[in-house]
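Look at the two complexes coming up: subunit A is in both, with subunit B in one and subunit C in the other.
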Partner chain A sequence: MSYRKSTSGWRWTRALVAGAMGITLATTVLSATAGAASTPGVTSSSVNIGATVPLTGPAAPGYSEIAPAMGALFSWVNAHGGVNGRKINYTYLDDGYNPANTATQTRKLVLQDNIFADVGSLGTPTQAAVQGFLNSQKVPQLFIESGCNCWSNSKFPGSSGWQPPYTVEGKILGAYIKSSFAGKKVGYLFQADEFGQDFVKGLDQELPAASVVSRQNYDVATLAGPLSNQMAALKAAGAQVVAMATIPAATALAMLPAAVIGYSPQYVVSNVGADAPTVGPLLSAFAQKGGATAAQVAAVGGLLNGVITDAYFSPESNVSNPWVQVEKKLLAKYAPSLYAKSGLDGNTQYGIALAYTFVQALQAAGKNLTRAGLLAAIAKSGKSFVTPGFVPLSYSSSVHYGFQGAEVIKLSSTAPPAVTPSGSWIGGTAVSPVEVTNVGSGPVKKYTGKISAPPKSLSKSA
Partner chain B sequence: MLRHLLFATFGAGIMYLVTSNISLFDNYQVGQIASFVVVLAGLSLLTGVNGQISLGHGAFMAVGAYTTALLMTHTQWNFILELLSAVGAAGVAGLLIGIPATRLKGPYLAGMTLLFALALPPIADKWPNTFGGDQGLTMTTPNAPGTLSPQEWLAWIQIGGALIVLVLLANLLHSRYGRTLRAVRDDEIAASLAGINVARTKVLAFVISAGCAGLAGAFLGLSTGVVNTGAFPLTLSIQLLAAMVLGGTGSLIGMVWGGILLVYLPQWSTSLSGHFNLGSGVSAYLATIIFGAVLIVAMIAAPNGIQGGLRWAWRRLPGSGSGVGGSGSSAAPGAPTPVLTDE
Partner chain C sequence: MSLFFNYTLNGISNGMIYSALALALVLIFRATKIINFAQGAAGMMTTFIASSLLAHGVSYWWAFVLVLAIGFAFGAMTERILIRPLQGKSELNPVIVTIGLLVVLEGVAGAIYGNASRGFPAAYSQSGLTFGHSRIAFSHFDVFILVAVLVLMIAILILFRATTLGLRMRASAFAGEISRLLGVRVGILLTLGWGLAGIAGSLTGLLVAPTSSFGPYYMDLVLVYAFTGAVIGGLESPVGALIGGLVTGLCISYVGGYLGSGLEPMGALVLLMVALMARPEGLFSRPAARRV
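This part shows the complex of A and B:
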């Protein structure tokens, strides 16, 4: 022990040397601080925006295409000089659909990358986790890719949704079930979060309580295998119509075990989980993983035949639609690898249309770009933005929802889709007129206005 | 004891200079590092000093985080009290796990704590109205005083908490309890012959360690502003263990290295996979793979972790006090004797 005493003086010297080195390091290496511009993320020649999206995890299939599709539209804009002379720099980070990751990635975008606005971030639980943070930092949280009723809230003036609120979807599909499948027993399968709950709220407003025989849900965080228990319970309850608020993977994981137990109800699926080019390949992939024979794998896509869902813009299967034609050309030219992989589907269409909405908001905000100015421009002229939507956007100073209407469509196919999207779908035939309603108790009524055509600039240059 | 306080004050001084000179996002990350230091220090005590293993520390963190979040949602308690409740609740959980743990050793203990990490999140998912489901519960930090930015303020709370925990643990390890913990680690029979209550000592180690994890969980929840089960997956528990080993099992200061790795390694791996254009499917798992690889390399090259390796290098500096092999506790690489604490 004697050596300890003799070295204790040395120990102090060493500690002091280490400390001094630490301080030098701290003051020299780490003193790089961000310059404070008047509006973060904006220069005379550029505007930085960002988003968090699921590139991995349970929500990635399908949804991972949206941000790159938005990027394709921004590339087109930048190739034509940007907006008011500013090029759009779009950064999207993976959050794996996990709110804890969203919190970190969003702080990275805001505090490190100095984004001007968060545009087109995806998910209800994920975006709810950063709603307070973004609003407290005065960063606009625009066109959230989720139909939660929670985006239009006067406490969070910088937040807004884009797609129809889930309650609006639920009401429109509920009204259709009531009129077209009168007297049939109805069962629910919904995601156990705001997405599922808001959708069910809409269904419940339209359907007589006595007709709902079973309410099943699933947890997206633990969504790993087939939803066998839920489907068996729906079958046991005798549900003839199954209304689903499911993400694409969950739609597939519900239909497969149902088919295995010989249960084939009339499916009515939220637009969120009914994009045929996304769900079809998932059905085949999951069936293959589950050990189905090659013939069975080839046939499972047929499960989508006859599924009822809703659409708020023309599906890609409608090849004569001018928007679909423009979107196809744009994606092929500005995101060729994405186009080769997924083609034009509901997700890529969604991304292009949402990005075009943001470009118009930037235009409306004018040359002197500020965050407050951007929000004011959306409240003032958002209703007149050009979109492929069947109904106009409904932004105002108090309403922060996008579309509040849709039409009911029925999927059908000539041949089951293959593992890679084959474009064999002719489906998506409208079975109702375009209808509008709101998240409150307003009635579901027919929409009689016009649908906008794609702007000339887009049709010409794409 | 005074030395620990001086050391902590010195550390606080350095951290003040650091936090006021770096960007707000770096402050956010420094705060996260401090939070991880808290849980790793507790884990280091449990494993390095007391010789028990835990694969369930992510779950203890969740217990603490949910406790504070629930108190913030339903009560108007004092902020410090809310944080202490996280320590208390996780400590109770540690007690419940620690009691049966006295009968288990090695892989069996690892298995039981692993089960705890696996079983806890579904409980939170089972009652979404109480625990907020996937969306979780929100957590808010009290307003920053004066002109301090919220990020700097939070980083300060977390760094301050970490320093307090380190001082308390360092003092504990230098006290009679520290010797008891080590005696039980080295030889349970000899310890009990010396009059030490082995079972009580092991449970105590679990309670202290879990309490630290609880505080760390609450700190991390303050960072992200949200507490949900997705923040405490099984991989977190395993990465904590790996980070502790890499930092230097049994060391307290070494846990700073572990915290730095936990925060920065995922980012480095993401930019690495972006650099080499490895698709998102690869990048999601790259951090875990690198963690594993680094762990294997470290086990071969520096079995006492980064801190052990540094200590070894420091001792070898020409002119440094104790010469080569100067003492039995000097950690030469290749000699995996568990090293003691704060030297």
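This part shows the complex of A and C:
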């Protein structure tokens, strides 16, 4: 009897547990459905955004500073009440610049961390790997840190770039070569992927085909030693100007073997590959040999001296620029450990400016925040966002590129040295006015508009 | 023609470096019949130590000698601590351990020194030698690479061929049990083989660093090419390592120069396949007697 009783008791317990589980499940499903009706990642007091960036691996040097610098600007925003009462929660995950990892980490951000938008993720191959996924999930893929032409594509309405497309850079530098080095033989050295190819596309639009005597490339996956053969071929072809779409390490690995064979063409290097704080130390070790004197080491500055490149916002060595001053204060206050380590450099400046662009997009999207509303707000008012860029952003409903202009600068080792803790020892001077163009066949022309000053709210409270 | 000449000089300079690391692989393979995948990473680690020494004001040549000694100690310790306990177990085990060591060393170097590429000084000027009025693609430092690798190679040949220590080393590698019965202290000689390989690995690290983007991963591709050279040379012969490394260096330089730099690793692979199809034992090893 007691046996039976206990059995029926057990049965009841089971029924109760099952019932409770059923109710829990039902509520979960219901609440999930209710959640889907509102916007994922958005509450009345917060908005979750995420990114995948290289914190480790070969692309990490320099680039790993960008996301923490974005974090510094968001901390400033949050300390002042957030945007429309919402604090920004920014999660960035490491993908090691490996597209396979990017896919996994992006899925985690979307499905697990429930992000509202993917903001400021880095890399061409990495972001191309998740462009389809993010767009199919209707997650905006905003301000990708790459100049690939592929971000402005009507098939992927949620994607947009931020920095000048590589073709725009190629056109502006190509136009400069055509006017300033007229009649000289030009050779190319480019990375054999979208970065190099898009850049070359721009150069080819501006330069007469007959003046291009040699086209050399390298594979970034096997970039280990000096690019001796490429430089020997450029020398043999008689190239007097060498236009390079190279990452910083490749710039150094090209200039070194050229110097070995006594080849010193006029170098014209893309913005990415002319980052002096990265390239400089690589080059200075070159001249250094067992027991080299300080003077000998200093002589290497010569290799970067006179290099032509382009800039689309004021470099950190321009200490009198109001944006540079604000950015420095902001970074020192809201990311002190990053500031102590790398100081204000091109990468941290980039992160701050990009984050500020996103904050303005949130403001423009208004109180009732939706993904479609955010994209519409960028298309409508993106052109008027305030940035340190020399030209305004060019967002519209059909154009998803950011800046489409830059000025040509000449690096010089005589400019004021050492303004960052990491030691930027090479400055530069502008050799062209700020110029604008587009990815298509539009001409390169002088920009006549204004350059924005930092907003009062930022310069006062940072 | 001048292009071919330049590609050849680049090939020789790179080939000598592959030879040095191939020699390290061969020394270890002779002694313990395993491939040490951490050989390049060990050279990377010791070069970082050299970099720290230089930063603290130690002169280049002192650092050079010290680091070769450290390389020797590191190689010997690896054998004693990590490889010896696996003796008699599956041959795969020590190989897996060396791959693990590779990952750990690259991780540790990244954690201590950061992942950024940096520069490393060369022993001699890296401007090309001048003959008459023309400058060739072979620098004073390339001459040093050539001489340093040849000196190491000759020293090891003399050790093996002309000293009783070398004879014992060869004997203990060739027939460990019999040598032990004859009173040779096989254990210490195996350790010595790993130590010598450590010297060759450290030397490679020091020679590669000035002309590459020196960082935790800069030896990875060098190891792949050195391995190609070592296999072509037969994995057992120091002379084979020298020739194999040179052939690999030249082949990669021509492939990169004439066909495109993206095809360099493919070129190494094709070279490896052709060489193994023509002579499966490698160019410089005696064919093994067939066991009946």
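Everything below uses one rule, namely that the second predicted complex is superposed on the first by the 392 of 462 C-alpha atoms of A that agree within 3 Å, B and C clash if a C-alpha of one lies under 4 Å from a C-alpha of the other, contacts with A are read in each partner's own complex, and residues count from 1 in each chain.
Note that contacts are C-beta pairs under 8 Å (C-beta built on N, C-alpha and C of every residue); 3 or more make two chains touch, one makes a residue touch a chain.
Keep in mind the model is a prediction, meaning the values are calculated, not measured.
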item	value
Subunit B versus subunit C as contact partner of A:L223, first or second or both or neither	second
First, second, both or neither for A:L283, with subunit B first and subunit C second	second
First, second, both or neither for A:A259, with subunit B first and subunit C second	second
First (subunit B), second (subunit C), both or neither touched by A:A103	first
Which of subunit B and subunit C A:A249 touches, first, second, both or neither	second
Partner chain(s) touched by A:T56 [first = subunit B, second = subunit C, both, neither]	both
Which of subunit B and subunit C A:G82 touches, first, second, both or neither	neither
Partner chain in contact with A:A192 - subunit B first, subunit C second, else both or neither	both
Touched partner set for A:Q112, first subunit B, second subunit C, both or neither	first
Common interface residues of subunit A - those touching subunit B in one complex and subunit C in the other	56-57, 60, 192, 219, 222
Touch list for subunit B against partner subunit A, complex	7, 10, 13-14, 17-18, 21-26, 28, 121-122, 125, 128, 133-136, 138, 140, 150-151, 223-226, 228-231, 270, 280-281, 283-284, 314, 320-322, 326-327, 343
Footprint of subunit C on subunit A - complex, ascending	56-58, 60-62, 192, 217-219, 222-230, 232-233, 236, 248-249, 252-253, 256-257, 259-262, 278, 281-292
Complex interface listing, subunit A residues touching subunit B	3-4, 6-7, 9-11, 14-15, 19, 22-23, 26-27, 30-34, 55-57, 60, 64, 94, 96, 98-101, 103-104, 107-108, 110-112, 124-125, 128-130, 132-133, 136, 192-194, 219-222
Complex interface listing, subunit C residues touching subunit A	2-3, 6-7, 10, 14, 59-61, 64, 110, 114-128, 135-137, 139, 141, 208, 210-215, 217-218, 220-222, 253, 256-257, 260-262, 264-265
